[in-house]
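What follows is one structure encoded as structure tokens, with my remarks underneath.
Letters are used for the chains, namely A, B, C and D, taken in the order the chains are written, and counting of residues starts over at 1 for each.
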Amino acid sequence: MIDDDVQATIARVREDVARLHGELVRYGLVVWTGGNVSGRVPGTDLFVIKPSGVSYDDLDAANMILCDLDGNVVPGTPGSERAPSSDTAAHAYVYRHMPEVGGVVHTHSTYAVAWAARGEEIPCVITAMADEFGGPIPVGPFAIIGDDSIGRGIVQTLQGHRSRAVLMQNHGPFTIGRDAKDAVKAAVMLEDVARTVHLSREGGLLRPIPQQAVDSLYDRYQNVYGQAADTRRDA
Amino acid sequence: MIDDDVQATIARVREDVARLHGELVRYGLVVWTGGNVSGRVPGTDLFVIKPSGVSYDDLDAANMILCDLDGNVVPGTPGSERAPSSDTAAHAYVYRHMPEVGGVVHTHSTYAVAWAARGEEIPCVITAMADEFGGPIPVGPFAIIGDDSIGRGIVQTLQGHRSRAVLMQNHGPFTIGRDAKDAVKAAVMLEDVARTVHLSREGGLLRPIPQQAVDSLYDRYQNVYGQAADTRRDA
Amino acid sequence: MIDDDVQATIARVREDVARLHGELVRYGLVVWTGGNVSGRVPGTDLFVIKPSGVSYDDLDAANMILCDLDGNVVPGTPGSERAPSSDTAAHAYVYRHMPEVGGVVHTHSTYAVAWAARGEEIPCVITAMADEFGGPIPVGPFAIIGDDSIGRGIVQTLQGHRSRAVLMQNHGPFTIGRDAKDAVKAAVMLEDVARTVHLSREGGLLRPIPQQAVDSLYDRYQNVYGQAADTRRDA
Amino acid sequence: MIDDDVQATIARVREDVARLHGELVRYGLVVWTGGNVSGRVPGTDLFVIKPSGVSYDDLDAANMILCDLDGNVVPGTPGSERAPSSDTAAHAYVYRHMPEVGGVVHTHSTYAVAWAARGEEIPCVITAMADEFGGPIPVGPFAIIGDDSIGRGIVQTLQGHRSRAVLMQNHGPFTIGRDAKDAVKAAVMLEDVARTVHLSREGGLLRPIPQQAVDSLYDRYQNVYGQAADTRRDA
């Protein structure tokens, strides 16, 4: 049996995860029913994720799906009659192996996938990228759906890395964060830098940012500007 | 005389086809009055298509046009006072020759036409494209309006092909599906992959996906994830 | 004194011209207060044009400005306390020298200006472009504001040309039509083909459309599909 | 103590600055909480700026922040419980050193940043750019947050320059204006020309505008078309 506090927490995460899917639409990161956001339920071994194949117009707290950390739907909970996102196994793997992660996002956003289809990391040539990701966006291995290889590729690439975003080769981006909102922010910022650096390089030679400046920007953004609720600076 | 059940089915297809035109606008696949969606009326030799030259703001079930499989407007039915889409003959040809097809969509979506104006197929370098189309998007012949050559080009290219989309050379994409919604989904996904692969290739060498992985992804997407109503996986 | 019929016609053109500016916004052809639509008042030597420097949010029939064919504001009419668009002289020149023209549109739409800044005509490699423009989009001379040179450049380029659109070098597109709506349609379609052909050529060699096919498409579009009110085919 | 007239002026600037942030969203110049607008309070040594880390959906006059020209928040005023934009020091530096400036805008708009990441000025090949900026858009030095180096770089680049926009290398654009609205207009027009010239150059050789024509266009736009409230021409 799940006690009242946990129920309230689950309800809050359901609301957050449902609402945050709207940000993927607002920023043009998804088409049709593609893409998914999940959020860990703090203090439990559970997370909430989007159902499979439901239109973004129809997502709400009640049809989000509650899963355990093996990616199994918790029976008898709201939404449990539907299948969860087909990427649920990858989200679950991340939650099992990265306890500090509270949110995961996957999209096929255009420019991020364009880098992924070449298997090329995004170089850090913009100060906002140094702030947010602390350096280049790394590429993860080619892995296809059906076992743990996607989840494992995400974790192996991001563990110990400054970046909260990975470009899975020929597939697309996964981002992580301290909660679902933070992972969505990373997905939005990732597409923004993927697009900007792509366009910049089309026009000629990029100017690298000295490593010392990258370190200084990242350090300041993560620490000096940190406040109680938001540990990262916002403009 | 058409019996009540058929009338109800026609009414439903009219609603679906009218509403689905809104998805072409939402995803930016059409401008002005360009583009068109049609849907076969199940159990009959009829289909419903958009009228010619009516603003997307003004489309509704009542002004959709009912045609027979030769593309003739059924007299005395709602909307029959207007001319149907100028691409009606091509839709009709597809319905006559591909009985498994329940929906057809035509647009001049930007990136798909950009490939079509070079007469170049879109290579399969994204896993989502392997899922959805099972390989590259093929090019159909150059054919101009006025006889059956457009319809014939579509059918000859797509018959027996995994792809539900064809790029008619110098013209633009046609997509097919088990119903109108499925054909619209294919039109949306096509433009998404046409844009992403275009941009990726601008930046350098694409990484091909091994044929075995393409086959495995396509097979899984079409079968393993299949459910009662939706035979294709959604994220 | 202007009689009642003419007053009613002026009122209708004011409504049309005000409303049609919304299409420039909808299709992303303008930013801030840039761009302008005008419409001739049939049966008179007058036309209606946008005021200068008014936000698109605030345009309505009452603040459109009535001008004579020399571009002078008709005193005492609604909106006459404001200055008309700074491009009024160019519109007036077109109306004086091309009596068949009933509408003129000017924008700085992105892709059309991109071709104009190279002084390069847009080649006809898309069937929709053959339908709508009957061949390539021509370039007009470099001309700066302040005398009749812009208007003269437009007329010299478009007179006797199939295209209803001209790219004024280093400046941007002007389009004409039988009325304001038709000129707006031309502006929308122009940007669409400017974008598509730009992107297509980025990816490699364009396939030309044989001249005979261009002629056949243009002829059919302008004639066969002609109906009472709309002399051009719509999809 | 601040007298009633000044209070009314502050209230008006708060309204303007809050509302003008909506234009950054409308024109796609910002994502998430990035970007900021500020406006000087005329007749005082104060300016109003956006708070840090508040969603664009939630910005209103009451949560804008009042600062002195050293960038210190004025205690006890509405919004003063929050931190101001992390770019406040750069805005303050501009107001201290350029008394004619009444508004400052900073964004990471895509195409402007693409030029900035190469440290390349935008050449003046469009008449609208000659009108608005009087020549190329200059690049400012690489400078990171934390001292006066960003503000100093903006002022050193723009002082005595026709352009109201500077591309800070590897960072992004800052624009100035006679008030906040004028600086926002400059930010919107900058992104427009950054995008158009980028795309134009992708397609081949740009045609330069003769310097004499640039001078003539700029002079006319700034003077001949000037009116009481708006000293710059609008289309």
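The rule is simple: contacts are C-beta pairs under 8 Å (C-beta built on N, C-alpha and C of every residue); 3 or more make two chains touch, one makes a residue touch a chain.
All of these numbers come straight from a predicted model, not from anything done at the bench.
Using CA-based centroids throughout, the chain positioned farthest away from chain D is B. Of all residue numbers used where chain B meets chain C, under half belong to both copies. The two sides are thus made of different residues. A rotation of 90 degrees, rounded to a multiple of 5, brings the CA atoms of chain A into register with those of chain B. Centroids of chain B and chain C (each the mean of its C-alpha atoms) stand 32 Å apart.
Distance between chain A and chain C, defined via averaged C-alpha coordinates, is recorded as 45 Å. Shared contact sites, meaning residues of chain D that touch two or more other chains, fall at 202. Touching pairs of chains, sorted by label, consist of A-B, A-D, B-C, C-D.
Those residues of chain C whose C-beta lies close enough to touch chain B in the complex are 27, 125-128, 185, 188-189, 192, 195-197, 199-200, 202-207, 209, 213, 216-217, 220, 225, 227, 230, 233-235.
On the chain A side of its complex with chain B, the touching residues are 31-36, 52-54, 83, 85-87, 106, 108, 110-111, 113-120, 142, 144-146, 169-172, 198, 201-202.
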